[in-house]
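Take a look at the structure below.
Letters are used for the chains, namely A, B, C and D, taken in the order the chains are written, and counting of residues starts over at 1 for each.
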Amino acid sequence: MTPYKVGILGATGMVGQRLVERLVRHPWFEISALCASERSTGRRYADAARWSLSSDPPPSAAALVLRACRPQELMDCDLVVSGLDAAIALEVERDCAQAGFAVVSNSSAHRKDADVPLLVPEVNAAHLDLIALQKRSTGGGFIVTNPNCSVTGLALALAPLHRAYGVRRTIVATLQALSGAGLEGPRGIDLVDNVLPYIPGEEEKIQDELGKILGRTAGDGIEPAPVQVSAHCHRVGTLDGHLEAVSVELGRDASPEAAAEVLAGFTGDVHGLGLPSAPEHPIVVRSEPDRPQPRLDREAGGGMSVVVGRLRRCPVLTLRMVILSHNTVRGAAGATVLNAELLAARGLIPRRARP
Amino acid sequence: MTPYKVGILGATGMVGQRLVERLVRHPWFEISALCASERSTGRRYADAARWSLSSDPPPSAAALVLRACRPQELMDCDLVVSGLDAAIALEVERDCAQAGFAVVSNSSAHRKDADVPLLVPEVNAAHLDLIALQKRSTGGGFIVTNPNCSVTGLALALAPLHRAYGVRRTIVATLQALSGAGLEGPRGIDLVDNVLPYIPGEEEKIQDELGKILGRTAGDGIEPAPVQVSAHCHRVGTLDGHLEAVSVELGRDASPEAAAEVLAGFTGDVHGLGLPSAPEHPIVVRSEPDRPQPRLDREAGGGMSVVVGRLRRCPVLTLRMVILSHNTVRGAAGATVLNAELLAARGLIPRRARP
Amino acid sequence: MTPYKVGILGATGMVGQRLVERLVRHPWFEISALCASERSTGRRYADAARWSLSSDPPPSAAALVLRACRPQELMDCDLVVSGLDAAIALEVERDCAQAGFAVVSNSSAHRKDADVPLLVPEVNAAHLDLIALQKRSTGGGFIVTNPNCSVTGLALALAPLHRAYGVRRTIVATLQALSGAGLEGPRGIDLVDNVLPYIPGEEEKIQDELGKILGRTAGDGIEPAPVQVSAHCHRVGTLDGHLEAVSVELGRDASPEAAAEVLAGFTGDVHGLGLPSAPEHPIVVRSEPDRPQPRLDREAGGGMSVVVGRLRRCPVLTLRMVILSHNTVRGAAGATVLNAELLAARGLIPRRARP
Amino acid sequence: MTPYKVGILGATGMVGQRLVERLVRHPWFEISALCASERSTGRRYADAARWSLSSDPPPSAAALVLRACRPQELMDCDLVVSGLDAAIALEVERDCAQAGFAVVSNSSAHRKDADVPLLVPEVNAAHLDLIALQKRSTGGGFIVTNPNCSVTGLALALAPLHRAYGVRRTIVATLQALSGAGLEGPRGIDLVDNVLPYIPGEEEKIQDELGKILGRTAGDGIEPAPVQVSAHCHRVGTLDGHLEAVSVELGRDASPEAAAEVLAGFTGDVHGLGLPSAPEHPIVVRSEPDRPQPRLDREAGGGMSVVVGRLRRCPVLTLRMVILSHNTVRGAAGATVLNAELLAARGLIPRRARP
C-alpha cells in the first residue's frame, strides 16, 4: 500500500511530539508536513521543538521545515492529524475539513459537535457513520476526534461493563500526570511536596464526553448514554499515566470476579482489522493488590492498553476499581493515530490528487 | 496548675517524634518518660531516634534515656500517650489501663472496642462517657483513642454537615502523604514518577471508623451513624498532609454556599474550653478554585484545622469537596494531645501518688 | 526605638514574599510600602501576590495596596529593601539612592559596583566604609547589596578558613533548590525523574562574587581576595536549601578536625551587636556522615546559619566538605534584612523628615 | 553460532533484573539458570522477583525456577554473570571460577584483585591479559569485573583525554540515581524535598577504581594511572542516570573545542568487533548549554553511550564538563554483558561439556 501522506498540526507541542514519534516509522502513514504556530514557521523542527521524549527528535522529522497551520500549506497531504490547542484548533480544523481533508484531531474544539465522532475505535466504531453527515456540507472533508486523555481510559474500562450490565452512575477521582498539561504545565515549585486538586476544565470534559462515547447512533446523530458522572481531578508529579479511582453503579449487580472476566475478555469493535496501533488486549486486568501503578504499567500494550486493577465491591455504588492509561499515548497521540488507522482500514481517507 | 507528667510510648517513631515535639513545651504536660522497643531501651533519645522533623530533637528530650514500654516503667507518670504500632499497642495499652493509667492513644488497636471512645473532641466529646464503663473493670485506668489519620479530616468536615443535613453516603479518594507510612514507609524508587494505589488496611479503617465517630451515645455504648462509606486510598509523594476528594449524599439537599456557611461556622463541642491545641477554626473554608493544597495549607491552625475547598454540587450524590488535614498533627499526634487536653480540662486524668 | 519605615520593592516575587514575612513583625522595622510591577499597582497585596510560603500572607501586609517602584512612591519610608530582578533593579535602585534613600538590595544589579558593599555582615562588615564614597555623589542615599544565594553559604563557610589558613582555590558543585528560580522557575515536567545541570549566569556569579566578599578595604575600594573559583551549578527538585560540595585548597595544610574547630568557633564581625536576624552560630558543624541535608538542616539558626558537614581531606586540593544554606533566607531575604539591621545598629539609616 | 548458556547470579535484584532484560533475547547468549538467595530458591522467577522495570518480567524468564548461588547448580551453563552484592559475591564468584567457569561480574568484591581485570572494553580491552594469570591457579575458570556505576561514565569520558593529554587530577561531584541503591534503597520520605549528600563507600570506589581502569599492563599486572581523584557523591530523586560534574587537570593545555573533538571522535578498543551491546558512539558530545539531563539523555546508544556536555575551561584545573551515564545499563548490567560479549568474541569462554 502506498502510505498516506500526513500533515501534523501543532507538531512542536507535547502531543505533537508524540504524533511525530508514532508516525515517523508508521507502516501506513508518512509524515509530509509539520505545522506549528507563526513564531516557529520556517525553522527546522529540531530547532523549534523543545523535544522532551528523549535525546533528540527522529532524524527524518528533525530536518523538516515547519509550516503554518493552514490548509494551503498541506496540499501535499492526504490526511491531517491535529495536536493543536482547542482555541486554535476550532477554526483551523474546520478550514481543513472544508478544504476536503480528513482531519483526525486530539483537540477538544469539535468533540461536542453533533456531527463529529468522538471515537474510541474499540468502543464506538459505529459512530463513524457521522462522517457522512459532515460530508454533506463540506463536500468531502470531515473531522474525527478522540476524547480527553482522562476520559479515554475510563470509557474503555466502562464500555464492556456498560454492554454487560449497564452503567448508571460513576464517581471518578483522577491522579493525572504532568505531560497532560503539556510543555507549559505547572511549575516545579508548585509540585514539590504537593499535589494540585484542580485542573481547569477537566472535570467538565469527563462529565460531558463519557455519555457521548458510550452513546449509540440514532437517526442522524448520537444518543448519549444516560450515565451520571462526577469527576474529581488532581495533578500529581508523575510524568505519564493517568490513574483513576472509580466507583460505578451498574444496572444490575455484578461480582468483581464476573466484571474482571468481562473486562479481560473484551476485544472491542476493531479486533481483527489489523490496525497497527490496536493493542491485542484493549484492557489488561491485574490481580495484585497494589496495581496498576503509573511507572510500571503505563506502557502495557505499547501504551495503548488500559490497565484495570483492584476490582472490588463498592459499599456505596456497585463496584470500584483503579484504572490506568497512558495519557499522551492511549489518551492522545496514540488514540489519534488509531483513529486514522481505522479511517484508512475503512477506506475513508480520500487520496488527494497531486501534481 | 502543676503539669501532668507524661510517658510517651513509641517515642522514636514518626508519630512519637511529633508527640515529643508537641509535648516538650506544653503548658499542661511535662514529658517524664520516653519509651521504645527493646532494641532502643537504655539509649539516649537523641541517639536512638532517627529524628526526621528538623535538625535535632529538642534538647530536653534528647537527653532522656529510653525505657521499655511497660506500666512498671511509667510509675512517675500521670498519663500515658501512645504512638505505638497496633500489634504492640494491643497488649501494652491494656496493661497500662489495667495499671490505672489514663492512656491516650493514636494506635488502631483499641479503636473498635465498644467501651473505648474514638474521640474527635469537636465532634463527639460526649463519647467520653464510655470511660466510666472501662473504669468498672479496671478500677481507674482507661483508654481513649483518636481515629486513623485519613478519617479525622473526613469526620471533622462531615460532622457539621451531618448535624445540619444528615450524611447518608460518601465516596472518598485519598492522596496520602508519606509521613503517614512512618519512618519505614515506601522506598524512594517506588515513588519517583509514580503513585501507589493501595495502602494496606487503610480503606477498611476509613469505612469502619467514620460511623463510630459520628455516632451517638446510646445506653452504655455508641450507636454508629448509618453512613455508607467507600474509600479509595493512594500514597503520593508528599511529606505531610492528606488530601481527600469527597462526594457526599446528604439527607436533604443543600447548596454549596449553604454547606460552606455551615462548615465555616462550625465551632465544635470544645469551643471555649481553652484547650491549647484546639484551633480557633476547626474547619477553614477556602474559595479559590485550586485549594487546599498540601504544602500551602497543611499548617492551617497550627496543623489542627481541617481545610475544605472546592465545595460544589456532585452530579451523582449531593455535594463534593476537597479536604486537607495534616496527617501527623491533626491526624495523629496533635489529635492525641488534644484528647489529653480534653481529659485534663474535664478532670479525668487521675494524679498518681508519687513517693 | 521608633521603628524605621520600610518600603519593599518587588514585594510579590519569591524573595519579596520572604522579605514581607521577615519584616512584618520585625522589632526595628515597619512595612510602610509594598511596591511591584505596573500590572499589580493599585491591587491589594493579597490579591496580586501568588503567596507561596503558606496558606495566606500576613494580614497586615495582605491589605496594603501595591505601589509602583519609584522613589516618589516611597516618601513615607526611611529605608528601601529590594527583591527586584536585576534588569529592573539597575535603574530603580540607583534612583532611590539618588533620592536619598538607604537601599538594601538582594538584586545582582549593583553587586559589582566598586563603591557598593557586597555585604555578609559576619564576614566583611568593614566594607560598609564604601557607603561614604557613594554619599559623595548622591548627597546621602546609598546602596548595599547581599551576594547571590549560592555564594552566601560558600563565603560564610570559607571566611573563617580564609582568615586562619588562606583560601587559594576552590571547586564547588551546587545542588540548588527551586525557590532560587523564583515563582516562574522550571516546569514540573522538566524536573520529574531529572535534574538540570545548568543555571543561567549562576556559575559566573559565584566565581565573581566570592573574591569581593572575602576582599579587604584598601584605599577607597575593596581589593578582592585572590581566590580561584570554579563552580558547577545544578537545579534539583528541592524547595529550599542550596547544598554545595566544596573542595578547597588552603594556603597551608589543615586537618579536618582543626578546620571544624575553626568553623564551629567562628562568631563573625557582628557578634554581640544584638542584630535580631544574626544567628547565634553563623556556622553549625555537623559530624554525622550524611548531613547536612536540605529538608532537615535548612532551618538551622532560623534559616540564617550555614551548616557544614562531611569535613574531610581532599585527595586533590586540601579539604572538602558539604555546605548547606537556606537560599531564600540566608541567601536572600534574611541576608537583606540582616544588612538592614547592621545599618540600623551603626546609625547609617537616615530618618527622613515626614510631614 | 550456538548461544552460550548463561547462569545469572543475583537475578532478583535491580542489576539482576537488568541482566535478565538484556540477556533474554541476546543473539549470543541464552539464559539457562537464574540464581538467588536461599529464601527465593525453588520459587518461580516471576513470583520471587519484585520486577521493577515494567509491567512484568519477560515470559521466558518468568517461568524459570530459581536455583541457589553455587557452582553445582550451574552445570548446564557455559558462563556465569553476577549481579550479586559484594559480601556474597566474594566467595561465590571465586568458587565458580575455581569450578572452571568464566565469571563476568558487576560486583565490587574482586575489582581490586591484582589478577582480575576491571574492564571497560573501549578503554582497556588489553587488561584481559590478566585472565591468563588467573587460569594458572584455577586451571581454567576466571573472573572479569566491570567498575562501579559512577566510575564507568567517568572512566569512559576521561580515557580519550588521558590518551591525548594525560589526566593528572580530577574532582567529581555526582548526582546519582535511586536505582543505583537497588530495590532496598532510601525511603521515599528521606527524598521528598531533599537530597542525600552521602553514599556509603561510593567515593572510595571512584577514587580507587579510576586509576586501575586507565592503567596499563606491565609485566604480570596492571600499573595504575597516576591520577588523583576526589569524589563528592550525592543521591538524588532520579530513577536512572548518574550525572557527574567534573573538573579535570590535564598534562598539557587543551581547549574545550579540541577536547570535544577528541571525545566525539573516540571509538575505543572494541570498535569493529560487532559486539551487540557496544554503542556506535561510546561518547556522545552535546553542545546545548543545559545537557546532558538524566531523563532525556540516559538512553543514548541504548543506554550504553556516555553523554558529555558543557565542556568549558575550569578556572581552577584545566577543563570541566558534565557527564551522564545510565547507571544500571552502562554502569552495571550493560557493562557486564558487554564484557561477556568481548570474552565471547575473543574466544575466551570455555564451552563446557554437557551430558
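Before moving on, here are some points about what is shown:
The definition used in the following text is that a contact is a pair of C-beta atoms (placed from the backbone, for glycine too) under 8 Å apart; a residue touches a chain by one contact, two chains touch by 3 or more.
Remember, predicted model here, so these are calculated numbers, not experimental data.
For the pairs B-C and A-C, the larger set of C-beta contacts lies at A-C. Comparing the CA-atom centres of all chains against that of chain D, the greatest distance is found for B. Rounded to a whole number, the gap between the C-alpha centres of chain A and chain C is 49 angstrom.
In terms of their C-alpha centroids, the spacing between chain C and chain D amounts to 43 Å. Chain centres here are Cα means. That of chain B falls 40 Å from that of chain C. Within chain B, contacts with two or more other chains are made by residues 52, 192-193, 237-239, 295-296. Residue ranges of chain A in contact with chain B, taken from their complex: 169-171, 173, 175, 192-198, 200, 207, 228-230, 232, 234, 236-239, 243, 245, 247, 289-296, 309-310, 314-317, 320, 322. Residues 52, 178-179, 181, 183-193, 237-239 of chain D touch chain B in their complex. Against chain A, the residues of chain D that register as touching in their complex are 52, 54-55, 192-193, 239, 284, 295-297, 299-300, 307.
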